[in-house]
Amino acid sequence: MITLLTDFGDFYPGVMKGVILSINPNAKIVDITHNVEPQNVLQGAFLLYHSYRYFKSAIHVAVVDPGVGSKRRALAVFTKNHVFIAPDNGICYQSAAKDGIKKIFRIDESISSLVGELSYTFHGRDVFSPAAALISLQRYDFLEEIKEMEKLDIYDFKIGEKIKCKVVYVDKFGNLITNFPKEFVKAKGYICRGVKFPLVRTYSEVEVGETLALINSFNTLELSVRNGSAAELLGIKRGNVEIELEVFL
Amino acid sequence: MITLLTDFGDFYPGVMKGVILSINPNAKIVDITHNVEPQNVLQGAFLLYHSYRYFKSAIHVAVVDPGVGSKRRALAVFTKNHVFIAPDNGICYQSAAKDGIKKIFRIDESISSLVGELSYTFHGRDVFSPAAALISLQRYDFLEEIKEMEKLDIYDFKIGEKIKCKVVYVDKFGNLITNFPKEFVKAKGYICRGVKFPLVRTYSEVEVGETLALINSFNTLELSVRNGSAAELLGIKRGNVEIELEVFL
Amino acid sequence: MITLLTDFGDFYPGVMKGVILSINPNAKIVDITHNVEPQNVLQGAFLLYHSYRYFKSAIHVAVVDPGVGSKRRALAVFTKNHVFIAPDNGICYQSAAKDGIKKIFRIDESISSLVGELSYTFHGRDVFSPAAALISLQRYDFLEEIKEMEKLDIYDFKIGEKIKCKVVYVDKFGNLITNFPKEFVKAKGYICRGVKFPLVRTYSEVEVGETLALINSFNTLELSVRNGSAAELLGIKRGNVEIELEVFL
């Protein structure tokens, strides 16, 4: 099983599937998302962390790669139950650490010869896809063990007079998914940009059109409007936006 | 075969697939759509009705679920050739009735323990996906038979001096798909919001940029602009909008 | 293996998959894209040309079909390694020619009886999907050999005082993908609509927010803004737009 998570949007993922299936025609490929916001590595890391574990065991290709074509390394990280294939920019660090890192490898980019010439712009096709396909066939000869990888903390927040955290993801409903974890949510509600969000358990506890805060399926704090869009209400249209929250008790 | 139809947009469906494939690694999963408009149960019902029958036999997971986390029931409806798994809000009623309802079951939400803790916001992951996976393995021990389910009429229209019907779906081309059935389309054309739509058989019968009405692949009346957008022309950007049609003969 | 490339957007492709899998339950279906711009045959042809070859051997269904319901023919083109199934409007010509055309067939539209009645608007469902499914089962009795097919040149550009070429595709990042081929890119940069785009090898060679031109993964010239959108900068929001490029040396 190979999963794909990228910021590529449309078309490019279809090409990746062609590459994978040409090397391993029996590969089972599952799309997680291809709509990570452009170059938003933090969002990619957050969404990977909250999807990989719903697979028992899989090869996860996660490509949000502002450094494509530069010297940044391409990684294959083997963990207890999974393999993560990604650029070395922190996108898979917290997922790998959570599952338990066993070995970190650098991918030899010359495997792009299986596809064609190595492009400067689309290593999703030329490097990461053939790497996933080869690993799915238990071929590892293109991997060189290394010691370290880039780290990235998806749960970087501060509690002081106000809570400083981030909206990491805005879903299709306009819900604002923050990186403020469940364990620290102890108030009766939160004020963000002057708007009150009373804490409830689920959307249907308030009237249509009213604001609410809840613990979402990511186990973080979410700001929402029932059958409406908190994203529009607060003018936060994409992720990786710092917010300040005031508590009310 | 398991199909998925939701209003979840991006990312969340990938998690559902992880859950399903962790329980039944051999499941074949097909996406119908994940872009039903938020909370638009009628649109979900309409699109399910016009897709399920193109599968010979399948388990259809249909989740547009404004009542998630409340007391609304989760259903598994067994019909002649299919199984429908959905919240009890009418979304699968007409599809199930059309195929011939054999038995209606309530899903025991405690199957969410296969996934983790039951969330208050994402039963697509916690309840409906494991239910589909278990049923695909012919495991039924979490089902309790019930007598009734919620009903919803996707063909609710009125013929009087004017025709009162609904735009139920706006496709990517900007075509306005109504719920006014083929059998009742007998005019030379229709006037909607002051604009004339002459009835033809297919788009290419009028000039580029001109309006037209036709019987579409849903077997309902559709208002369209050749190589243009009727949605923009009439200012109808989403489904579940009541319209009035005047006939011209 | 069957691939799908259409301008259908959402929902309709799910129905196509139902049709295919009802005829051949073992078919493996891969989406290339369903977001070709409405009726943009040139873009469909360009994207098909740059995806089909990453599959070793497949049946490619490519439907951008402004002439649906008219007299235009439905084709199945057998090439050295692939089969292309498409309306006869040039969309698969250059791909088929590149791989080496062996035989061109007209599809008998009466195969729609496998699905239901032949609609006037959705031959993706009624004709092209059953054709792909039957061919994947090596059933060919609905094919009639013909001599010719429509042609379309995706690399139609002119070099004079200025270069006249086309933006054929705008990707999710806002990169402007032109049809001006790598072999002719010899300048230090290009000026388009008054904006300078210096030629580099990859995005990370310029500062965030700066313009650049490069040879992309399509092996054509691309105009880009690092971590930004050239589409917004130049006001080019969709493909099939003629542009003029001035060279700087």
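Brief remarks on what is shown
Order as written gives the chain letters A, B and C; numbering starts at 1 within each chain.
In this section, a residue touches a chain if its C-beta (ideal position, glycine included) is under 8 Å from a C-beta of that chain, and two chains touch if they have at least 3 such contacts.
Fair warning: this is a prediction, and the values are worked out from it, not measured in the lab.
Annotation: the chain B:chain C pair of sequence copies touches via predominantly different residues, less than half of the used numbers being shared.
Superposition on CA atoms relates chain A and chain C by a rotation of 120 degrees, given as a multiple of 5. Rounded to whole angstrom units, the spacing between the C-alpha centres of chain B and chain C is 29. Residue numbers of chain A whose C-beta contacts span two or more other chains: 35.
By the touch rule above, chain A contacts chain B in their complex via residues 1, 3, 5, 28, 30-33, 35, 47, 50-52, 54-56, 58, 169, 171-173, 201-205, 214-217, 222, 227.
Across the complex, chain B meets chain A through its residues 7-12, 14-15, 17-19, 21-22, 25, 35, 38-39, 66-70, 115, 119-122, 125-126.
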